[in-house]
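Read through the structures below before going on.
Both complexes below contain chain A, partnered by chain B and then by chain C.
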Partner chain A sequence: MGGLVQKVKLFGEYIPWFQSMRDKGAIAFDELGLPTPKTEAWKYTKLRDLNTDDLVIEPSNFLAEMRVAAEEACGCHHEDGGCGCHHHHGEGCCCGHHHEEGECHCHEEGHVCECQQKLHVPFEAYVIHFEKGKMIPPFPDFPRGVEVMNLMEAVLTEDAKEYLGKVVDIKLHPFAALNNAYMEEGIYLCVHKNVKVDKPIVLINHTKSGEENIFFNIRNLVVLEQGAEAEFVEWYNYTGAVKSRYFANVVNEIVLGKNAKLSHYKLQDEAFKANHIALSVVKQKADSNYHNFCLQRGANIGRNEVKVLLNDENASAEVDAAYIMSGWATLDTTTDILHLSPRTYSSQLVKGVVGGEAKGVFQGKIHIAQDAVQTEGNQLHRALLLSDTAEIDVKPELEIFADDVKCSHGAASGELDENQLFYMQSRGIGREEAKQILIDAYLNEALDKVKNPEIRAWLSDYAHAPQE
Partner chain B sequence: MNSQKPEIIDESGDKYKYGFVTDIAADSAPKGLNEDIIRFISQKKGEPDWLLEFRLKAYEFWKTMKEPTWAKLNYDKIDYQDLSYYSAPKQKVTPKSLDEVDPELLQTYEKLGIPLKEQEVLAGVVAVDAVFDSVSVATTYRQKLAEQGIIFCSISEAVKEHPDLVKQYLGSVVPYTDNFFACLNSAVFTDGSFVYIPKGIRCPMELSTYFRINAKNTGQFERTLIVADDESYVSYLEGCTAPQRDENQLHAAIVEIVVNKNAEVKYSTVQNWYPGDKDGKGGVYNFVTKRAACRGENSKVSWTQVETGSAVTWKYPSCVLQGDNSSGEFYSVAITNNHQQADTGTKMIHIGKNTTSKIISKGISAGFSNQTYRGLVRVAPKADNARNYSQCDSLLIGSHCGSHTVPYVENRNKTAKLEHEATTSKISDEQLFYCEQRGIGEEEAVSLIVNGFCKEVMQHLPMEFAIEAAKLINISLEGSVG
Partner chain C sequence: MTIPLLEIEDLYARVADKEIIKGFNLTINEGEVHAIMGPNGAGKSTLSNVICGKPGYEITSGSIRFKGKDLTKMSAEDRAREGIFLCMQYPVEIPGVAVTTFLKHSVNAVRKYNNLPELDTMEFVKMVREEGKKLGIDNEMIKRPVNVGFSGGEKKRLETLQMNILKPSFAILDEADSGLDVDALKVVAEGMNALRDGKRSMLIITHYQRLLEYVVPDFVHVYADGHIVKSGDKTLAAEIEKDGYAEYTRER
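So, the complex of A and B:
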């Protein structure tokens, strides 16, 4: 695993409480090692394609970021002045958007190549830009009561000290341990007591292909104080040659205070040969509500794991997801909902569409601790297989130690209904189009869980775009 | 040689009525497991060389294996060298008829409610093979069955009398490399039943094996092999009990079933090994590998199990659906009370086209017990139109027990339709109140509700078994309410 464990100069080595977390992470990863097919939590997601040997970790960028932030520079930095990305013949447009044929304008005269521009989302938002796992200053102006910093800044000011590294248990998650070892980039987001953020906060990580296959770690810490409300969106995006084989390792630590409410959305749209492994761990206090929706459509190995600890009474969580895939990809959705107190509620809906030679994985677990009575936990996973070579592996798990509970899970998989296709064909809709309509409708059930209509529309566009 | 006396007096108030010990002289192998012991067993049973070789190969392989730890079970490490791998009631000569069987043994089975005297049985409904510790002591109705060409005897006899059949099928469904406990069994198995149903024959009566562990510090390793040839049918029952002892007894069995074209096998188990006392002391460790191979077209296998006993249960009756249009069914009721632990479920491997499988699992946990349903449904790339329906329901009684569900679903064929559902709940207060209001006591009400909860499975049991099983369920749950 030469590529994953490297010596890199990172900022903050002189801060003992922080550096010790990095050290512990390195030790824990060394002990745990990469998961093998025998590792139960990784039973179906085989990591042999991870190919970590030639991964490169870029050195610390923190001081440079700080300087730029201080200068309030324009935010458009291309050292060589050019666009930096190479357009090869036959590889199509690299700008990351999905155009109808012939509609791409980014090479016309007078038009700035889109990969030189910053990406934007089609809705009002506070946008924070990352490139290849490194923050691109400056931050947008946040309203009063919302504190956003570079993670290292929050380490320096000790704002992050209370929760950083204390939500996720690195002994259980090898990639989180690895993330600890390289902890530097990421954001610290804190919403103060009773503050309701007016617009979604969006983190865009944009990766452009380069010569090297880079490995980057992002660690975000999100704290919502009592009664606070926010929407947090993560978008992992890619432009450049399809061949690029980078590795993104993301860990989010989320703490919700009493009565706080967080909607957490994610779009994973990485390069088809890239690997993306993410873990979000959420700790919830009484009466808080957490909603997570993740759409995965890119990456070679893509794993989105969400672990929710419902620590106090009346906390509730909804963890929904959708995935759509083709090619040789493995997309893994793993959830672990721990009901640790009485009267806690959770629901999950995951829907997937698997084509090509791809493999969809769903592992969902509901754990109910002893005494966590009068809890309710529901889970449903449904998958659609489009091709003869597609595969779907499902492991929904219930672990219940209390008697007065209501728990259920369901899992189903199958192909498109011939009768429905026939019905539409008999009304003059072509077979391919009819298929697309059915797939869209299939995914819509999960997408409907996204409460913000603008974000839903944005995600729907990606969910419904035919895959290349 | 050692004769045994009852060692503990039952003061726990448990209602395990099969907890007595038969005082009978026994031939036992010394403790420990090594090549010599395997040779000793093989020699004792007068086995041919090929079987000894099979055992030794298994033993060599077993030495390289590690005991699995993935099950949600928590038990003291088993010292495989501290067990005796062979124990047989001493008999001067091999009995030719029931009259020659030791009366003490006959009495034991009478006490257990297993009539071995043919005339006493309800006119020919059940034929019984009685296995006591490591040997089969009697098989009834052999003559009558033989008239139709059905072979029903102990596996040791089958090795001698029908070596070709045994050689052809032994280990063909569960190879000795399969898992730790199956491998151990392959090395040291002592007895069990062998059934062969020839082409086109419907077995006229239920066949049954009754297993009893008696001797102290022995493991029971039985091996059952059932072969149903084309267009045949058999219904097979299995029951088991053991005396109440302070230490844990080991039971590691293998059941192999081969089902050919258009044949059907129904296998029912009522497992009632000693579950240990109220504080979880003693009880049988039950590690069983059961597997059926549906080799022919339209073949059918159905597993029905009622699991009430054992301190630890590790058991996954499986169906390998190789033949086109073959079908597998699994109906299970598992009840755990006090400190019992059960990790049980099934595997349905769809290989042939149009194969169907159905899983109905009902789990009831009470007291401090823990129960896990662990199942696998796998659809191979060529299993077009495979169909599976799984339903796992759990009922929890009391706030200290646990119930877990771990189904694995692996689908590699787009035309397959797979459904899985699971629910967990407790007995609702409304239901209890309704019963109590009508003058039904709390315990009786619980048993009424539990029986209703299990009904879907119970109706798949043969009649004689269903009555016994319903009684067992009530006994198992006694003391779990209030």
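So, the complex of A and C:
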């Protein structure tokens, strides 16, 4: 059996309030169905390449995760510890190579497992590891006032009950409905009142070669109480053969209390034949500030949708993004900023580089409600086309129901400038290198929006031109 | 002994479908400074672009050899790495790319081609500061994006800085119809004179004699209708200044 809808054993079926959310998700998805070319919100991102028929959802891993977490917590030594990548001699080596029995080098002294090398976060951070959508314990030690749990743990303790499923409207988002139906994996992150987290919290989901045809759902709930501040990073990473196919469906529900401040960064670097669809919905109280920056560079179909509800006065949001792609990919950046109170502010800068026969999609909506006076919403999308066959589809939308607002949007696309290229070549810089320099400069304008210099440097390393 | 550096023989070249260079011949030996003067629209800038390999210019017949190598088969970047430098009439603005970044890529690409070790950041910064100081280029200027918001004089200073850093064996100064002020011209002229060492060669492409007062050429050629119509020494430049180009354009 395969496909997006299938029977699978998940944890927590006996928790009525939680299970009913799953059931409602399944029903909503059944009613909505997959978006078609006629679905306005999916007008340009065609899902015919989603190829879900042979996808498999793996059964619950929650109890195993809890057991390992408990063992780690006891401080015992584990014989097979080493790299912590949870495979055993004789089983398929995680490095993706084929070995004769006993030839796996992962556990030899001094050997750093390939997957571990890739998972290195090059800045000080609290790192939470996921593999193909399943959490790999243990969690790092968080400081006081920062609560992080496996989502199911937060369901059991009912910490998640207040907000889970209440930020995102599954009737509007078919993939979020689907995410509801299989809700189990993900994290619950809560930063208590006035606590400022000292280091970024990084969620890495790592998928590697051989893990094909898997469909996984990740659901995160991020709550910042009044005056709290945090940086949250999502990193979707893949190593191994190019042909690997899987489907990651991610939903983040984010709640920002009064005067809270969240910087939310994301790197989408999935396999070129994988699909990645993500939705973040953010609810903001007065004086809170949300900054989102997403760099997309992988996947066959990649969509990052951010919906921000500026519910109270003086809430502000900055939603920026960059994408860089080639081949046949479709990368979609969709934003929906709702100004629902007076004096709310938003700005967006999205820049993309598209080569090959790839397609970049930007849909940006700014909605200003009737009483949301003296608000300001700005949006700019720019794209660079590297080939004649590359395509850009842009749909900016302004819905303004209030007077006395400042609003702007702009879109532009162009090609690399031959005069600039020749100028560099005439100084000895190779044509390909010159192109790379111009592309870097182009994307830097968006990357400069990332305020944390270490995270900016990390993302910059991935913002390079696609290989043609 | 005279050693030929650049040899152009019976060159024909066109842009789009328009033939612009028609039967052009010129040999420049090591250490020589040549000036090409001509009326507006004679195709003077086309000549420098063809020598440097700008895309869009097609050589239909003839040959260009540099240090004995066939230039026409070389990419623009390889021509630069071989030691040809084009000091541009209108240097291009490159937003988002700092002068230092640009220079470092340039210097190391040329060094790599010539089997020299790439400079590390320390060595590079030291060199740029030293060379910049001579031209009145401060540290603030080299942090700015290439030519963006630069005055005419600053652009010329940056061109000269690049020339002094790359130390080409052959420099082309394209001032075909530039209305640049005298101070800016002086900066470039001084930079070019500093490179004159009896081995390096230069080609100055200009409309006016003015520039040739600062960089005194060994040979002056009058260029009209796609080829050289008269050659002489520096006195020819003075003649043209007095009588204009009418005599040469009428000839056709």
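In this text, the second predicted complex is superposed on the first by the 416 of 468 C-alpha atoms of A that agree within 3 Å, B and C clash if a C-alpha of one lies under 4 Å from a C-alpha of the other, contacts with A are read in each partner's own complex, and residues count from 1 in each chain.
Everything that follows uses one rule, which is that contacts are C-beta pairs under 8 Å (C-beta built on N, C-alpha and C of every residue); 3 or more make two chains touch, one makes a residue touch a chain.
Keep in mind that what you see is a predicted model, and the values were worked out from it rather than measured.
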Touching A:E415 in the superposition: chain B (first), chain C (second), both, neither? first
Which holds for A:G428: it touches chain B only (first), chain C only (second), both, or neither? second
Based on the superposed arrangement, let me know which partner A:E397 touches: chain B (first), chain C (second), both, or neither? first
What is the contact status of A:A441 with respect to chain B (first) and chain C (second): first, second, both, or neither? second
Report for A:L63: first if it touches chain B alone, second if chain C alone, otherwise both or neither. neither
First (chain B), second (chain C), both or neither: which does A:A457 touch? neither
Comparing chain B and chain C in the superposed model, the one touching more of chain A is B
Contacts of chain A common to chain B and chain C in the A-superposed view none
Footprint of chain B on chain A - complex, ascending: 40, 44, 370-371, 373, 383, 385-415
Which residues of chain B touch chain A in the complex? 70, 381, 394, 396-426
Please name which positions on chain C make contact with chain A in the complex. 52-56, 75-77, 79-81, 85-86, 88, 91-97, 101-102, 105-106, 109-110, 113, 145, 162, 166
In the complex formed with chain C, which residues of chain A make contact? 417-420, 422-431, 433-434, 437-438, 440-442, 444-445
